[in-house]
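Below, chain A partners chain B and then partners chain C, in two separate complexes.
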Partner chain A sequence: MDVKITKQDAKTFVQLTGRLDTTNAEQFQSDITPLMEDANPDIEFDCTDMEYTSSQGLRLFLMLQKTVSSKGGNMVLKNMKTQVKEVFDITGFSNIIKIV
Partner chain B sequence: MGIKKSFSARLSMNIILLTSVLFITTIAVASYSSHTILAEEAQTSSERMLKIIAKDVENQLGSVESSVQSLAWVVKENRMDKEYLYHTVSKIVSENAHIVGSTVAFAPDYFKGEHYFSPYAYLDSDGKVRTKQLGNEFYDYFSMEWYKNSSESGKPHWSEPYFDDGGGEMLMSTYSFPLKDEAGRTYAIITADISLEWMNEMLEGVHPYPNSHVILVSKKGNVINSRQFGRKTSNFYEWADSLDDEEVSAIANGMASGESGMGRFMQGWELSFAIYDSLNNGWSAAIVCHYKDVLARTSKLHLILIMIGLIGLLILFIICYFIIRRHTRPLTEFTQSAISIAKGNFQTELPEIKTEDEIRQLRDSFDYMQHSLISYINDLKTTTQQNERFESELNIASNIQQGMLPKDFPHTDTIDLFATLKPAREVGGDLYDFYVKNNYLYFAIGDVSGKGMPASLFMAITRAAFRFISILEPDMAKLMFVLNNALSDNNATGMFVTLFAGRINLETGEMDYCNGGHNPIVVVPPADKPYYLNAKANLALGIMENFKFEAEHITLEKGTQLLLYTDGVTEAERADKVQYGEQRLLSYLEKQDKAASAETECNALMDDVHAFVEGNEQNDDITIMTIKI
Partner chain C sequence: MVKRFDPVAGRNADIIESVMASEDVVNLADDLQFKVRLCVEEVEENILCYSGSTWVEVETCVEKDQLNIEFRDGGIAFDPLAKADPDINASLDERNIGGLGIFICKQMMDVVEYERKGDSNVLKMKIAIKLQ
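Right after this comes the complex of A and B.
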């Protein structure tokens, strides 16, 4: 899982590449931890090249979502592939995480 | 492991080699300079000696010359008195030890009627002086060298040495002195024959060095002291030419030209030098020495030096060897200590080092290593013990978890149910539950996010909560609502569980169900193709409190089979990342014998998934539940 974080104005852009699974969930967690502590709460994920996410990945998105919401920010996941979107749909995560 | 060549021996050897090189260089330089000095000295002393010899020979010959010259006046005054002439020549022979014969040879027909007249005195074999008239038609002295030379040149002359084999068997030379009248014409030649034999004795005694000798040659190169070399006569210049040796020829030429000088040459295998000088009568003398003899003294000195050096080197080697060995002995002891430590004796004493050097540093690092090893091993022991404890606890946890899952599968006319759960680790986050109450089957299958111990705890809570709440709340939507709130409360870790729960009326086949973000379940109708049950996803449990769950309803035909599973089935992965997938699952179920028992179906699917991954490591819990009504 390759995580590329860039900041522009009051927004944070995160580009995700590859598979988010058990082997790298911890790394992903430490990658996004600064985003949770950031005072700048708007986050936009580009999921164009994201191949897969495990339930642990879902959990991390969920936690980030909670943090962002508590700070009054918005979190958006963009350009998600069908097979990844399915996971969000099955688990009902699409209901609480904004996917466009 | 044996040591082929010890460190001390090797180091000592290196020191010895270096010292030897220095020693040899010193000896070589000393030797070369002392040789040069000695050779120069030998040449100088030889030159001096040669001068003395030359002077001696010249003196001896000079006495003969002056005897003859003194006679000249007497003969001049009394030349007509034949008797007196005989007396005079007799006197000169008897008075001068070197002179063995003397004559006054008059020019042809000097006396009327006498073509030859030369009164001659000589020593006979008994040592008595005898006289005779020398010249006659058989002894035509006018053509003799001794006469001819002086009479023609008008100057005194020493003849070439000649061997007198008539009487004395001696090497001789004749001094000729011309007598001239007032008009300057030579009218007689006075001669003195001298034996050169004495020169043999004189020169034989001259030996500056063991193999050195003096050689005296006449103007034409005839060797005067040839007897010394065991020959009657010999010609040095001819001999030198015959050698075809440039150096010897150069010496011979120098001598023949009456020069003085020095030359080196090889005499056999010996490098030799020759010092030569000319005499005033045209003769030449040379001293020949072997360098070996000149250098003999220093050679001996060098031999002593070398012996001392060798003994010194040997002693140095022994001393070095022992000193180095003494200083490196701790290394051997360290080896022993290391072996001992390697065998597990961590308390092995290290050798004591009193010096403050590298060996001491080695000892300190060794000591550090030993202590590190001890503490490391202790840590390892503790860790191992902890791990063992943890493992045994994990096993217990696993047993508890497995124990939570109901195993008394119903297998009756109305219901045939079987479930299997295969965790990826000792404990997992998958769960299933079922029970039959009042002809209703309550069931659930779920998957906690993540794996291992944290997931297993959440799973245990979920399983327990489901059992309690489902007993009290038969409405599926309410059940899920309550369950979700229970799990969401104080869920700081953000863990969640996907759960599919349902209730089947075993008489009518009516099923109420609610899906909490779980994989769609498969319905296999008795006479139709299997399909995924269309169920609203709602939301996984534990995420959001007060989420409104919606339950659904379906009536199942008798003989219908339900397959519930977790994503461990559909996401089972081969090494090439290809997943088992929902489509494959559907195709698989289509081919199955619908008459088979739930247990058979369940295990067969597990086997198929196992076969699909081709030995690739299972990275998620797999749960399968088959319900046949």
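Right after this comes the complex of A and C.
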């Protein structure tokens, strides 16, 4: 999976392309760890080209959401494909992570 | 089709891709392929993390309008279905990281069954299919 991170003013944009799975979850964790160090995180994921996530990806989004919320920050996942959204829905993650 | 992975350490991607490339799966509709990929990944992750087996066998077959996927490994007896489901209505603070993989399989597949057969763990999954 490709992860492209850009910062604009105080906001962080993350563009995800491809599959987030067991083969690259560790790399994804390394990619997003710096985002947790922001004092007041404001993160927007563009999931337009995210093809897939397994529970390996879900746990990282949960970890990030917990950190962001504990700092009073904001995180949103945008433009998710229907099948990827279904994985968030059936696990209840849609209730605790903002998806628009 | 039966594929055996021995040794199995570090073969996560091989297992998934061999199932996805099998003739039983490659012609399925995209939404079914998505579910198969996801559940195969979740099960093999579980086996590789917990069973301690040095080998895994994966068998796929189509029966009428159903795809059967069977995993066998020689690890310690471990019934992943015995674990309680995660509370999907829990708040963000209460949600635990982990415990989701087998729950996803139970949601996505029509049938998920575990059996201890001799010295092997056997996990079967079944899903209704519509060939393209």
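What we mean here is this: the second predicted complex is superposed on the first by the 99 of 100 C-alpha atoms of A that agree within 3 Å, B and C clash if a C-alpha of one lies under 4 Å from a C-alpha of the other, contacts with A are read in each partner's own complex, and residues count from 1 in each chain.
Everything that follows uses one rule, which is that contacts are C-beta pairs under 8 Å (C-beta built on N, C-alpha and C of every residue); 3 or more make two chains touch, one makes a residue touch a chain.
Here the structure is a predicted model, which is why all the values come from computation and not from measurement.
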> With chain A superposed, do chain B and chain C clash or fit?
Replying inline: clash
> So, A:69: does it touch chain B (first), chain C (second), both, or neither?
Replying inline: second
> Just chain B (first), just chain C (second), both, or neither: which does A:11 touch?
Replying inline: neither
> Once the shared chain is lined up, is A:90 touching chain B (first), chain C (second), both, or neither of them?
Replying inline: both
> Taking the contacts chain A makes with chain B in one complex and with chain C in the other, which residues are shared?
Replying inline: 21-22, 54-56, 58-59, 62-63, 66, 90-92, 95-96
> Given the complex with chain A, which residues does chain C contribute to the contact?
Replying inline: 12-13, 16, 31, 34, 37-38, 41-42, 45, 86-93, 95, 97-98, 100-101, 103-104, 107-108
> Within the complex, which stretch of chain A touches chain B?
Replying inline: 21-22, 25, 54-56, 58-60, 62-63, 66, 89-96
>> Give the list of chain A residues in touch with chain C in this complex.
In response: 21-23, 52, 54-56, 58-59, 62-63, 65-66, 69, 83, 87, 90-92, 95-96
> Mind pulling up the chain B residues that touch chain A in the complex?
Replying inline: 447-451, 494-496, 498, 516-520, 537-540, 543-544, 567, 619-620
